[in-house]
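This report concerns only the one structure given below.
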Amino acid sequence: MSRTLGPFAAVLRRDLLLAWRGRADVLVTLAFFVVVVCLFPFGVGAETNQLRSIAPGVLWVAALLATLLSLHRLFAQDHADGTLEQLLLSPEPTVLWVVAKIVAHWIATGMPLVLVAPALALLFDVEQGALGVLVLSLALGTPILALLGAVGAALTLGLRGGGMLLALLVLPLFVPVLIFGAGAVDSHLSGTGADAHILLLGGGLLGALALAPVACAAALRIAVE
Amino acid sequence: MSRTLGPFAAVLRRDLLLAWRGRADVLVTLAFFVVVVCLFPFGVGAETNQLRSIAPGVLWVAALLATLLSLHRLFAQDHADGTLEQLLLSPEPTVLWVVAKIVAHWIATGMPLVLVAPALALLFDVEQGALGVLVLSLALGTPILALLGAVGAALTLGLRGGGMLLALLVLPLFVPVLIFGAGAVDSHLSGTGADAHILLLGGGLLGALALAPVACAAALRIAVE
Amino acid sequence: MMKEMKRPERGKSLFRFAAPQLFYPLAGALAPWFAGAAAVLTIIGLWLAFFVAPTDAQQGEVYRVIFIHVPAAWMSMFVYLIMAFWSAVGLVMNTRLSFMMARALAPTGAMFCVVALVTGALWGKPTWGAYWVWDARLTSQLLLLFLYFGFMALTEAIEDPRRADKAGAIIALVGAVNVPIIYFSVKWWNTLHQGASVSLTKAPSMAATMLAGMLVMALASWAYTIAVTLWRVRPLILERERHAEWVAAELDALEGRI
Amino acid sequence: MLYAADLACLKGDRLLFRGLSLQVAPGAMLRIAGPNGFGKTSLLRILCGLAHPEAGEIRWNGRSIASDRESFHRTLLYLGHAPALNDLLTPLENLRFACAAAGDDVDEDVCVDALVRIGLADQLDLPARVLSQGQRRRVGLARLFLGIRRSLWVLDEPFTALDAAAVADLATTLSDHCAAGGVVILTTHQDAPFAVPPTVLDLSEVAA
Amino acid sequence: MLYAADLACLKGDRLLFRGLSLQVAPGAMLRIAGPNGFGKTSLLRILCGLAHPEAGEIRWNGRSIASDRESFHRTLLYLGHAPALNDLLTPLENLRFACAAAGDDVDEDVCVDALVRIGLADQLDLPARVLSQGQRRRVGLARLFLGIRRSLWVLDEPFTALDAAAVADLATTLSDHCAAGGVVILTTHQDAPFAVPPTVLDLSEVAA
Amino acid sequence: MQWESWSAFWQMGGAAPFVWGSYGITALLVAGELIMVMHRRKDALRRLLRLRRARAGGGSGRRAFEEIVE
C-alpha cells in the first residue's frame, strides 16, 4: 500500500512545497482573478443593477480564465527539466502521480479562488444568501476545470504556442462547467433553487475524476516520446 | 543609416518569419480572443439587449486579455536560448531592436484581433455604425497595450510565475486604455461622439511609443545580469 | 512473436483493408464514384429545392436555405462521431490507417460546420432580425466548430506523426464524450434564462417534396464527404509509408506525371 | 541481461540506424560511440522504453520491456541529457524527490552523504537555480552514489561539464557498479579513466 | 589588449574571487581553469560586460568597457553556455540572424559554407529543435568559422557535446585566430589539441 | 414550375441576398476545399519525389528511404 502510494505522496508533497516556495505564483493567480473581475466595471460601465446581474457570470468567467492561465505550468517545468521523463520511468502506475499533480495544483491555485470569490461578489453587491451557492459551485467546478485542463496541458506539452493552443482545446470543454456553475448562482437568485445544478456539477466532478487522469497519463506518455 | 537599421531590420524580419513559421500561434491568439468573447453569454445569459449593452466592454476586455497572454512570449524564448544576451552584446542601440520586436509582435497578434473584432461584434448584435469606431479604438489601443506590456514582460523575464506577475504589473496600466477604448464605442452608441476618446488614445500611443521602448531596453539589460 | 502481432494476418479478416498498401488503391478507385454520385445527387437535390418544393407559407422563399443548412448541420455532427470512432479504433487496435482517416475527415467536418453556421446566420437575419442569437442549437454548433479547430490545430502543431496521431485521437475522444454534455448543458442554459422567444420556426407540416429535397442533399453530402476524405487520405498514406517498398513502386509510376 | 534485436530508428526523413542488435551481460559496460547526430541519444531512449523503435524489440532478462514495463523500470536508472532539477528546490530536495518518484525509499541522511561525497557540501541548501553547470550535473549524478540496487544504468553523456576530479570519481563508481554485477550503458565524447575499458558500439559503423 | 584589474565577484553570500587581475595581449589565448563552481562562467560574463563586477575595472585597448560599450561590443564575440538557437528556425536562419543582430553584414553563401564546413550539410533546413546536442552546439560555433574580423573571442566551454573530430577542428580554428593576432579567452574541462598551449589562469589558486 | 419568370427566380421573393448568399458561400467553401485537397496532394507527391531523387542522387548515403526491415 504505502509502496504504491510512494510516488503519489512524493509528487503531492513536492508540488505543494514548490507552490509554497514560489508563493508569488499562487498569489498572482489570485491577483489575476481579482484584477479581471475588477476590470469589468471599467469596460462595461458602473451601473449597479447591471453589474449585479452579470456578477455571477463575470466571477465564473474570471475563475475559469485564471485556472486556464495557470494550467500551462502544470507540466511545463517538469517537461523542460527532464523530471517528467524520470516520473514516466517510475515503475508505479502513471495515473497515480498525475492525480497527485492535479490535486496539488488545485490546492495551490483553485482553492484560493474559491475562498476569495465571496469577497469579490460583495463588491458587485450580490445578495449575501447567494454567496454560499457561489462558493459551493466554484468548489465543485474548479476541480473539474483542473482535471479537464490537465488533459489539454499534457496534449500541448512542449508545442509552440502551447499556452494558446491549450486555451483553444479546453475552452469548449469548460463551457458546460461554466453554464452550470454560473447557472447555479443565477437560479438561486431567481428562486428556482440551485440543487439540480450543484448535483450536476458533483456528477461531473466524479466523471472527470474517473476519466481525465487516464487520458492525461496517456497524453504525457505520448508527449515525451 | 542602413548600418544602424541592421539589427532593427534583422529582428523585425526574423520575428515576422517566426510568427509565420509558428502561424498556429498567431491563429491561436485569435482563437483565444474569439473563445473568451463567446464565453460571456454562457456566464451572463443570452438576453440580447443585455448582451448588446455589455458588448464593447467584453470585446475590449477580451482583446486586452489576449494581448496580455501573448506578451510573456515576447522575450521569453530569446531569454531562454541565449539570443537576448547576444542582442544585448550588439553594438547598436538596444532601443532599436526592442521597437522591432514590439512591432513584429503587434503585427502578428494585435492586428488580427483588430480585424476580427467587427465580426464578433455582430454576434452581440452591435449596431453596424459603431463597428468603425470599435476597429479604430482597437487599432490605436492594442499597440499601446503591446508597448506597455513589453515593459512588463522585460521586467518579469525569467522570474518564477512570470506570466501572472506580468499580468499583475501591467493590468493597472492597461485600465486607462480599456476605459478610453470601450468608452469610445459606448459614447458613439450613446450619440455623444467618440472623437475625444479617439484623440486621447492617439496621444497615448505617441506617448507610449516615446517612453516604453527606453524603459523596456533598460529592463532587459537588468534582466540578463 | 512481436513482429507477427504488429502486423495482422493478411487473410480474409475484416481488417484486411487496414493495411495501407491495400487501402491506397482501393481509395483511389472508389473516390471518383462517390464524387460522381455527389454531383448527380446535388443536381437532383437542387432541382427539387428550387423547382419542385413549394414556397413556404410562413417564411416565403428564404426557407430554401434549409436544403443546405440542415444537411450541413447533420454532416458536421456525424463527421465528428466518425472521427471519434476512427480514433478509438486507432488507439485500441493500433492501426495507423484509422488515425489517418480521422485526420482526413476533420477539415471536411469543419467545413460543414462553417456552412451550417453561415447559412444559419444568413437565414437568421431575415427571420429573426439578427445574424446571431445565443440559442442552444446555434451555440452548440459553434462549440463543435471549436472542437474541430482544436483537433486540427493540435495535429498540425505536432510534427512527429505518431505523436500527432495519438494526441489527436485523445482529444477527439474527449471531445466526443463532451459533445452530448455540451449540447444538453447549452440547451438547459438557454431555456433557463429565457423562454422560447427564439426557436426555430418550423413549417407546420413540411411538404413531402421539401423533405425529399433535404434528404437528397443529405445523401449528396455523404457522398461528397466520402470522396473528399478518400482523396485526402491517399497522400497522407503515401507520406507516412514512404519508406515502404510499395510506395516506391507507386512513386515510380508517378514519376514524370507530376 | 539486456538484449535488443534488429532495432531501427527513423527521425523525420532520416534513418539513423537499422538492424542494430546488441546484448549486454551482467558486469559489462557498453559505450555507445559515434560522431554527433548519429543517434546515440535516440538509441538510449529507445533502450529505456521512453521512445518506440521503428522496428525491433528489446528484452530485459528474457522478457520484452514493452510487455513488462513495470519490472523493467524497477531495475533501470536513466540519466538523460537534462538533469531533472527543479530550479526552486535545493539539491537535497531534488535528490530526495528523484528517489521517491522512482519508487526508492531513501533516507535523508543517505542523500546528504551522497551529495557531500559528490562535492556539494556547500550547496546543500542553495536553490538549484544558482548552481554552476557542473554543480547542476552533479546533483543529477548523485543518484548513482546512493548505493541503491538498480542493476541497469543508462547514462547520456554523464561527464559533460564535470571537472577532471569529478570525471575520475564518476568513472570509478561506474567501474565499481559493473564489478558488482551491474550493467552500465553510456555515451560520451570524452575519455574517462575506467578500470576496465568498456565495450564500444560505434554507431558510425552500424549506420544505415 | 584586454586588461582587468582587481576584479571581485560576489554571488549571494559567497565571494567567488577578489583581487583578480589579468591581461591578455593580441595573439594570446587564455584558458580560465578551475573546478566546478569556482566562478569561471561568472568571470567570463563580467569580462564581456554582461554582468558587473563587485569591484575592479576592465579595459579594452586602454578604454574602460563600461564607458565605451559600443566599440567594445563591436570587437567582441561571446558564446555562452546557451547556444542562442531558436528552435523553429533552421541552422542557416539562426546563423544569419545571429550575425545580423550583432551588426555584421554576412552573405548567405558565406553562412552556408561555414555550416557545411562545420558538418551540418545535411541539417541546413531542419528546424533546430530536432538537432542532436552536438549539432546544436555546432550551429552556435559556426560564427567562429565565418572569417569575420572580431578580435576578442570569449567562449564558455566551447567543446561541450562535440565529438572528437569537431574538437580538433575547433581547436585549430582557435589557434589560427590567435596566430592572426586575435585574442581568445575560454573555459573548458576537456583537453584539446591546441597548436600552442594556452596560458592558464586557475581560479582555484586565486580563490578568495 | 414554381416561378413566373427567371427574374422572379433570381429575386427569390426578396430574399435573394440571403438565399443566394448561402448557396454562393457554400459553393465557394466546397470549391476551396476541393482545391486545397488537390493542392495538398500535389505538394505531398512533389515532396516525396524530390526526396526520392535526392536519395537516388547518392548524397551521404545516410538519408532514409531504404526500406526498413519490418
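Each chain carries a letter (A, B, C, D, E and F) given by its place in the written order, and its residues are counted from 1.
Keep this in mind: a contact is a pair of C-beta atoms (placed from the backbone, for glycine too) under 8 Å apart; a residue touches a chain by one contact, two chains touch by 3 or more.
Values in this document were obtained by computation on a predicted structure and should not be read as measured data.
**Q** For the pairs A-D and C-F, output the one whose chains share more C-beta pairs in contact.
**A** The greater number of contacts lies at C-F.
**Q** Name the chain whose C-alpha centroid is most distant from the C-alpha centroid of chain B.
**A** Result for the farthest chain: D.
**Q** On a CA-centroid basis, which chain has its centre farthest from chain C's?
**A** Farthest chain from chain C, going by C-alpha centroids: E.
**Q** When the centre of a chain is set as the mean of its C-alpha atoms, what distance in Å lies between chain D and chain F?
**A** Spacing between the chain centres: roughly 49 Å.
**Q** Give, as an integer number of Å, the spacing between the C-alpha centres of chain E and chain B.
**A** 37
**Q** Using mean C-alpha positions as chain centres, tell me how far chain B is from chain D in Å, no decimals.
**A** 45
**Q** What are the residue numbers in chain D that touch two or more other chains?
**A** 10, 12, 14-15, 52, 81, 87-88
**Q** Any chance you could list the residues of chain B touching two or more other chains?
**A** Within chain B, residues 22, 24, 28, 31, 35, 42, 45, 160 contact more than one other chain.
**Q** Going through chain C residue by residue, note those that touch at least 2 other chains and give them in order.
**A** 3, 146, 149, 153, 157, 162, 186, 189, 193, 243
**Q** Can you list the chain A residues touching chain B in their complex?
**A** Where chain A meets chain B, its residues are 22, 24-25, 28-29, 31-32, 35-36, 39-40, 42-45, 50, 53-54, 56-58, 60-61, 64-65, 69-70, 73, 160-161, 163-165, 167-168, 171-172, 174-175, 178-179, 182, 186.
**Q** Please give the residue numbers of chain B that touch chain E in the complex, ascending.
**A** 3, 6-7, 9-11, 14, 17-18, 21-22, 77-78, 80-83, 85-92, 97, 224-225
**Q** State the interface residues of chain C toward chain A in the complex, per the touch definition above.
**A** 143, 146-147, 149-150, 153-154, 157-158, 160, 162-163, 166-167, 170-171, 173-175, 177-178, 181-182, 185-186, 188-189, 192-193
**Q** What does chain D use to touch chain A in their complex?
**A** Residue list for chain D touching chain A: 48-52, 69-71, 73-74, 76, 78, 80-89, 93, 97-98, 100-103, 105.
**Q** Mind pulling up the chain B residues that touch chain C in the complex?
**A** Answer in residue numbers: 24, 27-28, 31, 35, 38, 41-42, 45-48, 51, 122-123, 125.
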